[in-house]
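The structures come next, written out as structure tokens.
Each of the two complexes below includes chain A, the first together with chain B, the second together with chain C.
This part shows the complex of A and B:
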């Protein structure tokens, strides 16, 4: 296929550095190919470069607009590449994509293999496609998805319902908090593997194993990751687990149950509403498409609907 | 400001005073907004741990890919004689 694709640094390609935007992994060389890399290569798609959207993608967790992210999206916009594969677990990349006139396809949770993706937020992590046009994006999606989506029943015309009709108001305001609690908890857990022993950065001076761990992590992690680790430790600690992490998971169920697809195929939100909308698709694991003018969420396993003219 | 030293230890970090002040302020700003969760009663709802509430698909436990010791050790920060070097972790 004639396309060329860039990879976020969190997707491993054998023999190529994969720093995930972190000093912790600045010397890390991937020792195997991610499944998506194998699939791209077997379709003769050229992998033309690497991009970082900030350390382990965490800056998007505390602000949906940050310089590193804006610069990365615009460097893709100005490049000759057709698409970037990346893990937009916070929804900040797709929001920025819309702002810059680009598209982002967020597949349903579990559709694309995560083998070889450096994990961040296990219950949300999902490789998606940042692209310049929707048709190309879906062609690349067809290559990287593991199995065909379930066939979706579709009438003559697709019915789209605004977010305000399909998702009850009370939950709008609490998405950022739920996302921060779940993401920080899971990020803190996933970055516990970076201890300066088997791979990654190791501090120079230490006198004990404990000091090796703490110094390596303190010297190598940036501020946003440290903040995520601290908040994660808090929400997972014995006294705080039930009121924060457990409660956020309960709210996630309430939100998922509250989405009403009975009278529509797709839920839409305008660009003005989109700051909370990407969080909704990630929390519920639903496929979504972000365009320069709006974001669309389809029912589970029905990302095919997003291919049509919306 | 909150005392974050407990979470600092849990996260295996040892922050310098200036960095701790900065992070403490940001920690308070984020965590104080979590009070918003109190507005919702979730006592009769089960936590949604994963959106895929499906059973895992298992395969036979047969080695499919092998990565050599040499290759794996390439990423180790300190190594010697084919092993990863670490400081003594037990008292002799």
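This part shows the complex of A and C:
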């Protein structure tokens, strides 16, 4: 295929340092290809480069500010990439994509293999496609999706309802908190493998095992990741597990069960709802499509969502 | 004052799977350091954990042989702690929904109740090199599947503990769940121990003893530790604290493991990568169908149904290999008593001579049954039978071909026997005279001479009869 694709650094390529935007993995060389890499190569799609959207893949854990896409935008501008694959587990990338006039295709949880993706928040991690042209994005999705994900058979005209209609409003305020608790808990756990013992960064001077751990992690992790690790350890601790982590998991299930698709196929949201909308799709594992500065979502776009069974 | 000891056991047993719990590396013991390691079990990022179905089936089997209640939906959870032998920084275990609960195992005069059994992955092994003052890590054992069998505090004596462990070992090895080798670390036992005044309802301060790798070590450790508790209570010589203690077998004492004493918070949470697994009755039944007869039921069958002596039944039913040989042989030659006699007599004698433990005896049951059948049918005599069995045991020869080649078939042709007897009588006139003057002792000698002349192939009974009639007739 004629396309060229760039990869966010958390997607591993054999023999290439997979820094994951972290000093911790500066010298870590991936020993195998991610499934998406294998699929792209067997479809003759050129992988033209790697770029980083932040430490362990995505910005926006603690702020809405996002300037991560500058490099991607220039890649699109100078035609060195038609699409960028990344893991937007926080929702910050898709929000920024809309502002930058780009599309972001976020497939349903599990439709693209996580094999070879450096994990951040396992229950949300999902490789998505950032692209300038929607059609290109969907064609690339067809290549990287799991073999067993079936295309949707529904072909009728789709009905769209705004978010306010399809999901109970009382939950809106808690989406960010739920996201933060679950993301920090899982992220803290996923980065516990980086301890300076086997691979990755190891501090120079240490006189005990504890010091080796503490110094290596203190020197190599960025501020957001350190904060996430601390909050994660807090919400998973014996005393806080029930009031924080367990409660967040229950609310997540409650929100998923309360979504009402009985009289609609697609839920739409506008820019002012953006902080809760990506969270909704990530908490519920739903596919979503971000379109650039749209004030009105055309039916054709919604059909894409179904036809491609994101 | 009299005291009583209260103990609970945590037994870790490695499951007999081919591959590890969450990757396809070999789970076999004895490979070179770090030979059985892949990116997943080395803790590298980007390798999703996929549970080994066989490990869950062996977990179900463990639930069945311990009379436990199987959990309909099980989960795998993450237990977080930092240690160099744990490459991911977390252990995948079952914290919220273990494979089963509320089982029991009977020992003499007592029922030991089990709190639960859960499946989890093992950690790696640290190898300390004193010369270079460094510590090396071997990840071969990382992610090897284990079950942890947690008992309630139902034990009072070291004898109860060892009997329980023996019984558990039997149940698990018979069902093919684990090979339970304490020396190789595939069965490990931690003892929680406390001492209280007899009759008291309140439990005393509890300590946990680790690092015992034989039943003898466990007995010694329990004796040492309970005495330490009693001394502390009696004399106030030391203040007991709740802690983990390491048994040192050479010194014969327990020592506090201070480095692990910081209050551990393992921050358990459900593993988002592994969906809850449903265990339905169909699956349970299919595991049940593959389970062999448990040792105690085998013992019942051997004694009550087949009428074997209790002693023989116990030896045979408590060894997986002996009971396989027994069951295989009676299918081909339905003489349970004869077969049991051959196992207890000839087979165990031969294997003992070769220094092979009961559990490792390996013999072609078809050939074994064939030899016994030939003896029973009078085709060869028993001592030839033992000789052939030794050949089968050592070289796996074909018994019938071997008998034919070496002309070992029993001589029951009376003409040939008579000729041999006549020769012996002629050559041993002195002994014949002694017999006639009333010495029974020489009769045995004369039988021996006849057997020797027929190269051991004569039917001893016919020799006896013929010889006696000849001597008495003269």
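Methods note: the second predicted complex is superposed on the first by the 267 of 310 C-alpha atoms of A that agree within 3 Å, B and C clash if a C-alpha of one lies under 4 Å from a C-alpha of the other, contacts with A are read in each partner's own complex, and residues count from 1 in each chain.
Simple rule for what comes next: a residue touches a chain if its C-beta (ideal position, glycine included) is under 8 Å from a C-beta of that chain, and two chains touch if they have at least 3 such contacts.
Predicted model, so just to flag it, every value in this text is computed and none were measured.
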Which superposed partner A:62 touches (first chain B, second chain C, both, neither): first
Chain B versus chain C as contact partner of A:197, first or second or both or neither: both
Touched partner set for A:181, first chain B, second chain C, both or neither: first
Chain B versus chain C as contact partner of A:250, first or second or both or neither: first
First, second, both or neither for A:233, with chain B first and chain C second: both
When both partners are placed on the shared chain, which of chain B and chain C touches more of chain A: B
Partner chain in contact with A:209 - chain B first, chain C second, else both or neither: both
Which of chain B and chain C A:118 touches, first, second, both or neither: second
First, second, both or neither for A:31, with chain B first and chain C second: both
Chain B versus chain C as contact partner of A:41, first or second or both or neither: neither
Contacts on chain A seen with chain B and repeated with chain C across the two complexes: 31-32, 123, 192, 195, 197-199, 209, 213, 233, 237, 249
Chain B - residues contacting chain A, complex: 4, 6-8, 10-15, 19, 22-23, 26-27, 30-31, 33-34, 36-37, 39-40, 42, 45-52, 65, 67, 71-72, 74-78, 84, 86-89
Of all residues in chain A, those that touch chain B in their complex: 27-29, 31-32, 62, 109-110, 123, 170, 173-174, 176-178, 180-181, 188, 192, 195-202, 206-209, 212-215, 217-218, 221, 223, 226-227, 229-234, 237, 243-244, 246-254, 256, 283-285
Residues of chain A that touch chain C when the two form their complex: 12, 20, 30-32, 34, 114-119, 122-123, 185-186, 189-190, 192-195, 197-199, 209, 213, 233, 236-238, 241, 245, 249
Of chain C, residues touching chain A in the complex: 39, 42-48, 78, 80, 82, 84, 87-90, 137, 265, 267-270, 272-273
